[in-house]
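Just passing along the structure, written as structure tokens.
By written order: A, B, C and D. Residues from 1 in each chain.
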Amino acid sequence: MQDSLILLVVLPLLLAFLLPVIARYLGNLSGLTGSLLLLFNILLLANAWNSVGYSPKVILLGGFAAPLGIVFYIDKLNMLFAILTTIIALLLWPCRTHNTDVREYVLWLLLLAGCYGVILSGDLFNIYVFYELLAVASYGLVTLPATGASYIAGFRYLMISALGSAFALLGIALIYSFTGSVNIAHLAQIIPDHLHHIWGYSAALLLIIGFGVKAELFPVNFWVAEVYSHADKRVTALLAGVVSKIAVLIILRFIILLFPWQDIFNFLLLLGIIGVIVGEFAAFYAQDLLRLLAFSSIAQSGLVIIAFACATEAGIMAGIALAIHHLLLKPALFLLASHCDRSINDLAGLAKSSPWASALFVILALSLLGVPPLPGFWAKLLLLQSLMAEQYLLLLVLVLLATIVEAAYLFRLFMLFYQRQEMPEQKRITIQGQELYPVITLSGILLLGLFFLPLFMDSLREIAMQTSNIEAYINTVLGKVQHIGEGNI
Amino acid sequence: MSVLDLDHVFFLLIVNIGIAVLWGNRPFVGKILTLLYILEGLSILTSYHVLLSGAVLSSSLTFTVMQQTVQWQLGVSGGFFALITFMAAGLATWFSSGVWARSYAPIRLLHSYMALNVAAMLLLLASNDFLGLFIAWELVSLVSFLIIAINGGRSAKAAYSYILYAFLGAMAILLALIIIWNATNSFSYVEVRHHWSTMSVNRQLIVVLLLITGFGIKMAILPFHRWQAPAYAYVPAPVAAFLGAISSRMGLFALFIVLLQVVGIDVIQTLWLPFEIINMQTFLLWLAALTLIIPTFIALRQTDARLLLAWHGIGQGGFMLLGILSANALGTAGGIMHVFNHASYQAALFFAVFSVSYRTGTADLDRLGGLVTRMPISFTVMLVGIIGLAGLPPMNGFVSKWLIYKALLDEGMPLLFLAAVIGTLGTILSVYKLIHNTFLGQLRLEHENIKEVPWSMSIPMMILASIVFITGYFPGLLLESIAAMQSTLGISVVDYHLGGVNTGKGNLNMIVVVSTMLMAIGMGALIFFVLGNPRKQVTQWDNYAGGHFLTSDMRYQYSHNFYPGLMRVISPLYRNTIFWLESAIVSTVQFMAHISYALFMQANYLLYLILLVVISLLWVLAV
Amino acid sequence: MQRWTTILFLTGLSIVLFAIITPLVLGQSPMLVGKLINASAVNDTGAANLVTAVVLAYRGLDTLGELAILFTAATAIGIILGTTDKTQTTSSPTAGFIVATAAKVLFPLLLVFALYIILHGHLTPGGGFQGGAVLAAAFFLLTLADSGNNIKHKVTQVIEALAGTAFIVLGLVSFALQGVFLQPWLDKGELGSLFSAGSLPLLYLALGLKVGAELANLLSSLANVEK
Amino acid sequence: MNIIILVITVSMLVIAAFYVVWADSFFTVLAASSMVSVGLVLLFVLLRAPDVALTEAVVGVALTGVIYALTLAKIDLWKINDNDDNNDVSQSKQ
């Protein structure tokens, strides 16, 4: 059953290749094919979810056993991210009725294929290929609005991403030249013990920095604010929600399987906490809503990275919880904010012109802040617990202080929304209903999910357990042909 | 166990919220809501004997997360506070239900926020573990923010500063909870108490300090006191009364539960601050004493009656904390009793002040005066209220303050006793200023045509005033539940009777005291009238000032620059250190924010990427 | 100033990288997987050119991904260029007589060369990517020499779509037959002959056409030759 | 012998790469970056990787240069000589 999951990657590619030709005959309907494909993917994943069960599965591509060929690794974590990606992509799918450029659909499909590939792949170089695929697709999507600002933002994004990818490739090259393998399970046998010195460390750092570009890791995220505030809002929502989380997921796999060294964890913890603090402070200063959300997204990614860098089961669980929360929440916030791309002072009295949208915004932002009993609180609680379990008291305090700064700017925003003084008519902005149905679905998932909290936490714990089980990963992928050439190093 | 499930109360509260949200604008809704609050109060009162016997009212509402079952059950302490809450909310809604509502446009918001506040507070009072406590705590903070911000403008600004303080507090509590969880692997009060000693002494100290900070911020303990007065003063009348009466006591309740039930006062006594400078208990007592003195003297300076009362609210909170921390049967009893007493007279005082400002349009003490002839009921209520606030017999404030004084003296803390007395002196001075500047002296010209407030507003005031008097007369009414509280918490129980307490060394019987007072007054009156009532009727305008002849159109009212001598002496002490500190923090944050923002906006972004790679690789080479 | 700092840091970077890589002896890496592939590739795939075995069989999905990346880049560029003002067409310059003539002479040679590279990908160095690039270069040389020789956008688009589809369909057929995506199928044939290595040459053909059409497309939209 | 060629190639490559950063005219930048590719092709050949060398030769030397040039022409930055308008490729036709 799980073998058919390869279709997740292949079908979007197939459709993307064909779509420019199909579009000539179907015209505006061609967008629909993408939606249908995503629906099919959801069915595929739902069908496979149960069959994966407790033990992870592996797909051998080309039928070659693990260290030779490429493998896809299917466990609950990967499946979960694949499902969430599909759902969000389906909700954000750009179904415009007019002025349809088929190339937009094509890029979306390619981006999604890249996402699936990165999520599922168990091969270092294959991950890099799909990562590049999604990166290149997102360069194109970012410049969609075709404004000067979006070109500049896109160029900035391109430069940083390309340089980051170059470093990641360098890291992979280092690893390959020292081990001669790119299969993650195979490397997980070799690197932690045999490469625990300069080479391993430099490869680890290069990989983390390279993939950190999309993960909004602190000093390599200078594209975030520009891109998120000038790109198409659906693209922004996808980048902030899904793509950044997928990159974090990759970093998690790296530090769990390949580089389980305390120095690397510390490096990530340091960058993560600086990201949180700088992100919150910058958001405090930001004068327009989209930048504010972008900076807060940087901070949230920092939190996820900190959680993963704890590298304990609790930390992984907290990180997944935070990532899922942010993955569902940020797209909704960005869509709500999509018509408020000006100074936040223009938003004064927004609640009068669009009461429901602003109420929803406030609730979601409160969840972002971690106000109980909203879902964000539980995720944050898990993070704090795992930090405490590792006795990172200073980090704990810094995270909490950053939350106060976050509260300061979010409440300032709320008060602007609900300000009673009248604004001149032409300055008034309304959040329109056009983007409302994905927003409602996402917030519905979040808020209704609250009722299944204990259930959800249990399955999260199970996933975290599965994720941190290195033995299971190696055994699943390599199967009988274990310990290949280990002595040669 | 329980006669009445807590579910009924929760259900009523939801009905409450629903009515307020859906039909809050209709004129009759205020009355319905008042009845509902009274009904809720009564439903707790009818099963109060169960609570007194040590049982709990439990709710079927429950959820399990992280192996922690969070459920809600109301013990006697929660029940006591809940009764005060319902009393305050009910009377405040009553006050706003009649004529007053017509002049206040966002009345629906007010009703809804009030209902939300009450519901959140009940969740807090009924919480049974740290997780439930924290959830309810944040809810209370949020709904308080809403209700404080209701008027916009100044009050919104105050609400903003409130919510920031509240978040600081919440984060402190969260940190404490996480540390506790790490040590005990549980959030339940019982478990935590049981495993408390597994934490190192340092951790215990940190946890206690964090909890004090977190919960103390809500009751505006020093040095986090700056937010409260503006937040409570610039809101509409019923809100001010409600907030002043009970809202900030939620912090006290939580502290009370945590310090006495979970941590235990014996643990507090054995904790020492670093370098063994000072015992934790003594430290906290002095903090409470400062919280009593400083805000009280700040109150003395105020010229706005609302601010004056609000600052007193902070000071009286210090009083309660002083009592509770004295770790003495009398002291804890006095501290808890003061919560009720303070709620009753503070609400009465706020109502009186807001009645005046409802009629005159101002609460500025420099622009009032002589209203006693026009608003006699408000005057009487304020008189009763300030006697209570000043802690003089025969009102209830006297009893609780007496208990606290007695406890401090018994525990051998004469300096603290002195501090309490200084605080009380400040209170007396400022409440005299309040009543004098509002009601005494000559009526101002512009206030000639003023009438007493309508019955819908004066009846709740009078009810409160009579509560102030009755509980002063029969303190045993309150002491019964306080004793039950003490026995459920396992601390020493006060020996009480209807009229007061037996202390062993002496005995306070308010029935005797008040009866004697009343008798003395009666006898005086009797003698006075028997002797033929030799008085001369004078009008308010009969006045004489420094040899200067005053015509009836020149109204004389000594109100500006009150207590000049005293002020000259103490005004150098008003330093605004905390204000300075606050603005320093704000500008630091702004500076940091600017730097962070500039970092993201700079042009040479690639350099940082390369720089990071170079630095991290150099680090690798160095390691 | 910025240029100086850039160069400074790049120098620093190269020094650091050099310091890290110094201990690595060229050609002495462990090649854990490489050795295994060396041993079993011919048996597994029947391709004489081991690189082809790796590119199409062992790491076929990577190839598909790279194909998709190229396609994505072309599409993205198309989007960016497509939104520029279309009314103002900058006609490209005509080359001189020598270039035009040389282009006409070279064109068939390049075409043959490209097809050779593609079709012999499983035997000799080269393959779909290289051949495709040469193919595109051939067509483009023609257009550069004389802007009258348009590359038909519609035709290339159809070729591109069909070639890409063919690649995936070849993979999907093996998925349908054997339950494994992109597994080499068809008869392996005799090692070293043109018709050997099963489905790999077909894949390479699809790849080459796709890449060629892709690049031609890209170049034509860049040059704005097509009106 | 191999080593000498290697050293020459690499140094050519590095110099050309530095010149890419250094040069002022886009034309020279393009030429220099093609030089880098040529160096790489030589390197690949020396390291016995004909496949990669072939790819690099077609893509790096030819196609990339053309793509750059066309892009520059499209945004009117393609100027071989600033002083002489006739040499400006994008305008020579008009």
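To be clear about the criterion, a residue touches a chain if its C-beta (ideal position, glycine included) is under 8 Å from a C-beta of that chain, and two chains touch if they have at least 3 such contacts.
Just so it is clear, the model here is predicted, and its values are computed rather than measured.
A simple rule picks the central chain: find each chain's mean C-alpha point, then take the one closest to the mean of all protein C-alpha atoms, which gives A.
With each centre defined as the average position of its C-alpha atoms, the distance from chain B to chain D rounds to 77 Å.
If you average the CA atoms of chain A and of chain B, the two centres end up 46 Å from each other. Between chain C and chain D, the centres computed from C-alpha atoms are 20 Å apart. The set of chain A residues that touch two or more partner chains comprises 198, 202.
Shared interface positions of chain D, defined as residues touching 2 or more other chains, are absent.
Residues of chain B found to touch two or more other chains are 606, 610-611, 613, 617, 620-621. Those chain pairs judged to touch are A-B, A-C, B-C, C-D. Residue ranges of chain A in contact with chain B, taken from their complex: 156, 159-160, 163-164, 167, 198, 201-202, 205-206, 209, 213, 219-220, 222-225, 263, 267, 277-279, 281-282, 284-286, 295, 366, 371-373, 377-378, 381, 384-385, 387-389, 396-397, 400-401, 403-405, 407-408, 411-412, 415, 418-421, 453-454, 457. Residue ranges on chain B touching chain C, taken from their complex, read 604, 606-607, 610-611, 613-614, 617-618, 620-621.
Residue ranges of chain D in contact with chain C, taken from their complex: 18, 21-22, 50-51, 54-55, 58-59, 62-63, 66-67, 70-71, 73-74, 89-90, 92-93.
Against chain A, in their complex, chain C makes its touches with residues 17, 20-21, 23-24, 29-37, 40, 44, 57-62, 64-66, 68-69, 71-73, 75-80, 82-83, 157-158, 160-162, 164-165, 168-169, 171-172, 175, 178-184. Only residues 3, 6, 9-10, 13-14, 16-18, 20-21, 59-64, 67-70, 101, 103-104, 106-107, 110, 113-114, 117, 125-126, 129-130, 132-133, 136-137, 139-141, 143-144, 146, 151, 170, 174, 176-183, 186, 190, 198-199, 202, 484-485, 488-489 of chain A touch chain C when the two sit together in their complex.
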